[in-house]
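Okay, so here's the structure we're looking at.
So that you can tell them apart, the chains are marked A, B and C in the order they are listed, and the count of residues begins at 1 in each.
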């Protein structure tokens, strides 16, 4: 046991946060300039990304090292856990904004353009002939005719993949607690492989959409909500899968004990969160 | 176990590091609190200077100093800087300094992240301020950033979006830290309902922050993609709706205004009992009231949108729910009243600011209630009546709350008493000028002066002149505030005792003044 | 071109709850009980206060405004009165000794319940006025208003009359930073336009408001109308002016650099005059057409 149990743990100063801020500065300034049409901005952005990666590696490296040397008491462990819960809650709210946009479009703005509620004249005088429907790219048929993404085929397969990965990560967790390191390694590896294959499929789906269905970010409100929701979700899956991979390497190195494995659990929670978001996506974006 | 012998292993030193490194790398809640407070004061002056540009231009009808484009940039930047740069960081700074002390904790729960939360802010505001020098100028679409207007911003546009993202990241990390600190770092015996009100209001505020800052991030992200990637969120032709942005923005925006007032409620709830020498009346009902305010704040957002053409049922719903907020807020006001009742009051500067808060915030609350009446709001909306409302709740509300806190805890931070005489002068000057600035705005609004205009019809001249004189006076008074703080920070003044005031409640008064670099390395015991 | 009122679309527009009857009794009761002070201070043209306006609804809005204002004043007198009393009496310098009580459930219940009652009394008349504000059925005249950066466009439905309305010359000349013109010498500085919207007195005028670019808002205080002009959507508003005259307003939603320079002028004229106005518009149109 750690000797620090009855005392507060107070870490010493760290230079990683300030490095992170510089990374963010370059990243944001770079992207902004790039969007404004300055090619140079892109390189600044890459610089920022590089610094961010170094920062994350360094910062987490320090924390892992401290954790491995038993510096953290259970209070620190709880702090980390709570921090992770609330971080995930903030992510939920971030997705809520986009789901909100989707519901608003489907239940309010599109029907209104079609003359619903107090918008009889909106339809009559501005968009005469437009009938409310979903999916739609609006009365201006922005982006031209497109084919919506159906719920079967790839999306269904992706649902299966994610659900399965949720099972494998749980098995891995049990294995960790019951000291079956071999099972742990295999199922954890299976989890991130499933994760990456999800991302691969998703990329494939996007290519389909762009090349054969004329479904793009610019396909009116349907395209906007479709790609923003699935896109941010895909980004989160990618991050989650990378984190799982890192955890796998840590497992291989012999990190984590049956009692103490916050790093593992945090990533597992994150993974479940990504999974739940997908289920909502599947229902509201692909299916209904 | 042998915890004492190993103490050196936990942190290399007991005092602060030397030089600039101390401030760049610090994980100490007091250092970070100080950084936040200094940053906030700087931003208050920058945002205030912009307010003075606005007020100078509006002093007389006709354009005297600036062009309309620049005027709009000033309005927009003034608000963004005051809201995200001055008021919010000031409260986070107070939270950093005081919460660990008040709950008997050693420091914030996640000290390194704490450092990062702060050091993102200068980056965010550096980016935002740099837009003033860009092609097309700074953002000029109002702090509410409504599309399609905001999409007409020049090169500043992506910088605006990303700086808002950064402010969001900083606030979310700060809020997570505060929640975790409160939930996990309390000394044994400090049960939730024993927590001081300031800690309680911050707990609720932090929850609001985590719930709504990501929504704002989502909203500006949609602006970004509408601008650069061809999405149609806010474009009717594509099936979107410009008003949708307003809904998402205000879903964030309304809780945001309570984010700016709840910690001030907490501060006042600490100060009034101290100077009334009587325990806070109705501690638990204060907690429930603050929680109700937080809950209601999520279902009232469209009271900012009574003129956008919502269906009638929507208007009625938002009118009723908004009016309801007066009830828990009233409970707070009445509790403060009852705390003072039959007390034994004295009127040092922190108490004076708290009392001004009590009176003037309530006036702002009343005008808020008037705005909540939808048919009347049709006449008030987007006039100076609204400007008067929110400056009453924000300046003598939030800002006075911050100043009261600064005077109240300054001796604990610096170890010396501030100059009481100057403090009182600062108070009276501020209180008089703040009313001179913002009270006439009620009349202007009712008489029909729209907000966000650089020039106006001659009938509005007199009251605008008054408001501008008030603003300059208020600004000058704040120079005194800075002088008082610097004087105390340099240790010029009477040495403060640990208790500072007459028998105040709270753990922060059990440690020496100035508070040691690490307050509680071992959990204190909680009496009572 | 517009469909008639019996058009099925109206059922969409005005579902049952929109058409419900009024509750004048309750409203009057509230007004009488809470607005006792009200009548004596009703300065209609006081530059400090909201205008009473020239429509039934603007007067109603004004009454509502005064009602809530007096309610707030009454609460303020009580709350501030008690606080000031306490500040004077319970001060240490007067030798006051602090009591020690810290809760009282009865008091807390009372001061939660009373505001609830007051709020309900305020909500009822407000809701009624709101319902009427939204009831734009059966208009005598419909005008489509389109906001532009930075002017207004008016099109009278079925009358073949339309035109733009922009800031009047004199104001425009004076508004520049270095115009050298004293703005006090300009009549109705910033509140005058080249071509006002002309409508007949006593007619129910329905406005269909939209925008061509960014969000604007069409606001004339004396008509108690403020409605956002949202690109891609049409909002409805209506008024029936009881007195002829010239009523001024301004754009009330930030719409860019000249947001402060897009005033609105509505000229309410006698019905015959309105007919003459329409006729002259037609003549003018014919003249321009033949000249080309």
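As a convention for this text, a contact is a pair of C-beta atoms (placed from the backbone, for glycine too) under 8 Å apart; a residue touches a chain by one contact, two chains touch by 3 or more.
Owing to the predicted nature of the structure, the values given are computational and were not obtained by experimental measurement.
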item: Chain contact topology (line, ring, star, complete or other); value: complete
item: Most centrally placed chain, judged by C-alpha centres; value: B
item: Chain A and chain C, separation of their C-alpha mean positions in angstrom; value: 46
item: Computed distance of Cα centres, chain B from chain A, in Å; value: 31
item: Junction residues of chain C - those touching two or more other chains; value: 134, 232-233, 236
item: Shared-contact residues (touching 2 or more other chains) in chain B; value: 235-237, 241, 243, 309, 312
item: Contacts with two or more other chains, residues of chain A listed in rising order; value: 112-113, 117-118, 126-127
item: Of chain A, residues touching chain C in the complex; value: 112-113, 115-122, 124-127
item: Footprint of chain C on chain B - complex, ascending; value: 61-69, 72, 140-142, 146, 148-149, 152, 235-237, 241-243, 276-285, 307-309, 312-313, 315-316, 319-320, 323-324, 326-327, 330-331, 333-335, 337-338, 340-347, 355, 358-359, 362-363, 366-367, 369-370, 373-376, 378-379, 381-383, 443, 446-448, 450, 452-459
item: Touching residues (chain side chain C, partner chain B) in the complex; value: 17-18, 47-51, 57, 60-61, 64-65, 68-69, 72, 75-76, 79-80, 82-83, 86-87, 90-93, 96-104, 107-108, 111-112, 115-116, 119, 122-123, 126-127, 129-131, 133-134, 174-177, 179, 182-184, 186, 188-191, 213-215, 217, 219, 221, 224-228, 230-233, 235-236, 249-261
item: Complex contact set, residues of chain C against chain A; value: 2-3, 9-10, 12-13, 134, 144, 208, 210, 232-234, 236
item: Contact footprint of chain B on chain A as seen in their complex; value: 3-18, 20-21, 24-25, 28-29, 31-32, 35-36, 59, 71, 75, 78-80, 82-83, 86-87, 89-91, 93-98, 100-101, 104-105, 108-110, 112-113, 117-118, 126-127, 136-140, 142-143, 216-218, 220-225, 227-228
